[in-house]
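Next, two complexes with subunit A in common: one pairs it with subunit B, the other with subunit C.
On to the complex of A and B.
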């Protein structure tokens, strides 16, 4: 029982980690928190549905295509809608993200109406039994994909010049500009990466859940909860926060009450912000006045 | 400040206008049919909702998402108090406002811990989602997905399902609360609110307790929107959880922005302009989200200070003293 829950928690947590990570990527380079990110996740899931079910493409190439499409969308969003208002108040930027999310959601609802769509199962392989533990293909696939992605991601950040650029822009956009980095273009790129990673989160949940245009909202909250727990701006913290949230949801749902699964994330947010506002690894968040 | 301020004559004219407008509006029911009267009543409610929202995001400068939650709290409070406890509806308006204010306190209490900006936004977002969860999971009280109908009731021998009677009540509540908010913003407290927006550290150095200012603004915002919720409950006669969902949130954002951030006049304009339009879009799924989303994006890029800024350019009479300089 405990092992089974832990496995399920890791699979869910891997997705939350991915979403929190994609939010953090954008936040670190642009200081914008994408309040429309849930709908980017939703858009990824819907794109993969379109490509698999309507266009008849196999799941893996469809997933790659959907991620590329979302990368392009993220770049265009940054160039077309974020850049013109960068100098304005921060609230404007947050509102722009929200409105972009609603536009995506509106488009999804226009096309699919109020239906709930099931994605055909992708990994319809026999589950593996290890003693009492049932390991499904989906769980293996989700955890495996996220793990590989994280290794590549943190490898790139830690070992290449790109990683140094990311750190430079995070520490001081102005300093980064002074040493000749094109911060504007870097920001567009970060928006693209954030959108593509968020979309991957949507693509991974698509086969194990029902698709509807509102599915983004709950993922946004989960992403925020993971980010808050890990500490805003901390990439490793986002991943760890996501996994812990996934595990906590499973345990709370099984041992206390299944209705708690939905609100674990809110409880996390409230508790963390009241007890330790900068989370596990974040910069200090509290204003002392 | 580059804009000319109104002269004293223009100011007294404005004071007159403030009372003349609602008095003239008393005649509206003569010009409307049942359907348009219903829409006009909806506008009055939207004015309060938008005003409460613009106080927090425009005047206080804090990003917050709890507005829809306050609205839902007010509506459910009104419905539960009149359906389960048998209170006359008119009595539930201040009580719904008080519960909305309590919601405002809860949603912003993290400010006492030094939580600001994105963190405060996230905690208010969580608060809003938690309330939605609560409407659905407290079935004995809220009726769950079936919602909660308001009992039939009469006032002065007229049924409270009559839109004309409702119009007069809504108009009175809205006019009083708008005036109260204007006065509040003109007070020492109101100036403190906008000082926090411009620079919280500098404000604190003037011995103004900024966390308390933030909390109080949220509480007043919650009160306004809670009262609006009570009006809404009677307006539609049946409270459903869907009315307080994500669609209401983007509609509120759009009203605030179209009217003009942090402007009372703007709140009124935005609410009036955007209440009627979506009625025609409702038949097409997804159109409302798309419409509000596009409007918010367009206003942010092209007219960041909304319709109120156009009026201000037209005549100094529209300049509000707590007006935000265009950046």
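On to the complex of A and C.
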């Protein structure tokens, strides 16, 4: 059972990791926590549904198109709604994110009502039985996709000139400006990448779950919990936090009580904030006086 | 003697307005040509799809009216929207009772709203027939003027457990449910019935709303090896649970679901017949929705509401509307609220021709429908069942 739970935990955790990473990408560059991010996840899932079910496009190209569309939406959201209020109080930015999320949810409700929509199975391969361990197509696909994406993401960040520029902006936006980098455009780009990565989380969860306009709410909390555990602002920490959360949910649900699955994320948030507020990989806030 | 006469005259003068007021209250909402009935339902908002539950009843009123009404009086519905919200529901009830002055109330989806309305309507005293909401607490403890015209949660929970135990050699029963009142209203009576029959649930698991994965629950069940699983889960979570059961090689274990799901939509949501072939649900009707016995009712609804897309909910209120008309006929033309309540309490084994179980209301028990059939796939076709392997 332990192996099975670990495999299931990795698959679920991979989705949480993706969502936490997408939240962190935006937070790291703009210091804005996107409280509407769950609805970006939902929007990605619904876009892929429209492309696959209504437009008849195959799942993989539909997923790519949905991510591109969400990237564009993220960029426009940053340019049109975040930039104009950037100098204002932080609460205004948070409210803008929440409002945008509710608008996306409202649109989904207007079109699909409270219907629970099925996505056609895309990982429709027979599970492989290795003794008691069942290796399912969806687990392999989710873990594989997220793994490849993370390798590409962190490879770009650590090994390319583009990555060095990104890190420069992360470390000091003012310094980056002084050497001629367009920080505003970079921030727009971060919102786009955040929206696209979050959308991929929704796209991956759509075929194994069912779609409804409130889909994103629980993923937002999982993303926050993973972010908190990994350390606010740490990209690698967000990924590790997501995986650990996925595993913890499975172990707690199976070995202690299935009711714990739902509250594991909240327990993580409370414990981490008490014991190690900067998370596993976050930096302690240092205030110079 | 003079003193006695004076006292009686004074007493009569004092009591007369009150007696006249009682008479007026007894016939409020009545005229020679109409009986006004307040119909509350979620006609807007997130749960507006449940307002379909009132369509069958409204169509039945139309049918009765077309045939001349009851003792010459037409059934005139006055609709008010609750939006499945307790505050709005309370405002709607007060408007119907005090402003529109309807004779009686019938309808109501959303148990939470109906529970919030109970004190107000009980105090007002006019007859109220609950035609969709299932919570037992709406009509238990007994309120003199409140009648339940559909199977309550406990009737359904009992029916679920009885069906599970009707499968030969069923000893090991597991329960998976949401941790909310709706799920408990099914699972607790099911548990009670199982225990009465000497069967203790061997696994009791939780799956919350919004969960997209049931791996942990299914793996616990795999260790437990149940003969039957009772699932008090909403539609989305039911589909996810059934998918995961199949995924981990446990698709051959039968699962008993609530009236909150149906076979056709669960099949649509899972997209795979093998996943649902061992799924059974509470089904309150005498036939499949597209079966011969349901056709006259479907035709009736489409006769008055041609655009209505029929679902399980569309038919649910017809049985209680039939029982109401039967009681109104029994009272005769000299109708009052008290006489109607008395006539409703005389309804015994009333075969509606649509609900799988008859309606019986007594002065001691206003929960009229005590059982429910079950639907499951037999030879690939949705089939209404009385017990395991026994078609209805």
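Please note the rule applied: the second predicted complex is superposed on the first by the 284 of 289 C-alpha atoms of A that agree within 3 Å, B and C clash if a C-alpha of one lies under 4 Å from a C-alpha of the other, contacts with A are read in each partner's own complex, and residues count from 1 in each chain.
Criterion: a contact is a pair of C-beta atoms (placed from the backbone, for glycine too) under 8 Å apart; a residue touches a chain by one contact, two chains touch by 3 or more.
Remember, predicted model here, so these are calculated numbers, not experimental data.
When the two structures are aligned on the shared chain, A:228 is found in touch with subunit B, with no touch to subunit C. After overlaying the two complexes on the shared chain, residue contacts for A:160 are found with neither subunit B nor subunit C. After overlaying the two complexes on the shared chain, residue contacts for A:217 are found with subunit B and with subunit C alike.
Contact with subunit C, but none with subunit B, is seen for A:250 once the two complexes are overlaid on the shared chain.
By the touch criterion defined above, A:171 reaches neither subunit B nor subunit C. When both complexes are overlaid on chain A, the residue A:182 reaches neither subunit B nor subunit C.
After overlaying the two complexes on the shared chain, residue contacts for A:259 are found with subunit B and with subunit C alike. After superposition on the shared chain, subunit A has more residues touched by B, the comparison being subunit B against subunit C.
Applying the stated contact rule after C-alpha superposition, one finds that A:94 touches subunit B and leaves subunit C untouched. Shared interface residues of subunit A, touching subunit B in one complex and subunit C in the other, are 109, 113-114, 214, 217-218, 259, 262. Taken together, the subunit A residues at the contact with subunit C in this complex read 1, 4-5, 8, 11-12, 109, 113-114, 116, 118, 120-121, 127, 129, 134, 136, 138, 205, 208-210, 212, 214-215, 217-218, 249-250, 252-254, 257-259, 261-262. Of all residues in subunit C, those touching subunit A in their complex are 46-47, 49, 176, 179, 205-208, 210-213, 215-217, 219-220, 222-223, 235-236, 239-240, 243, 247-249, 268-272. Remark: subunit A residues 33, 35, 81, 84-85, 87-92, 94-96, 98-103, 105-111, 113-114, 213-214, 217-218, 220-221, 224-225, 228, 232, 259, 262-263, 265-266, 269-270, 273-274, 277, 285-289 touch subunit B in the complex. Partner subunit A is touched in their complex by these residues of subunit B: 57, 61, 63, 110, 113-119, 121-123, 125-127, 129-130, 133, 137, 200-201, 203-204, 210-211, 246, 250, 253, 257, 261, 284-297, 300-301, 304, 327.
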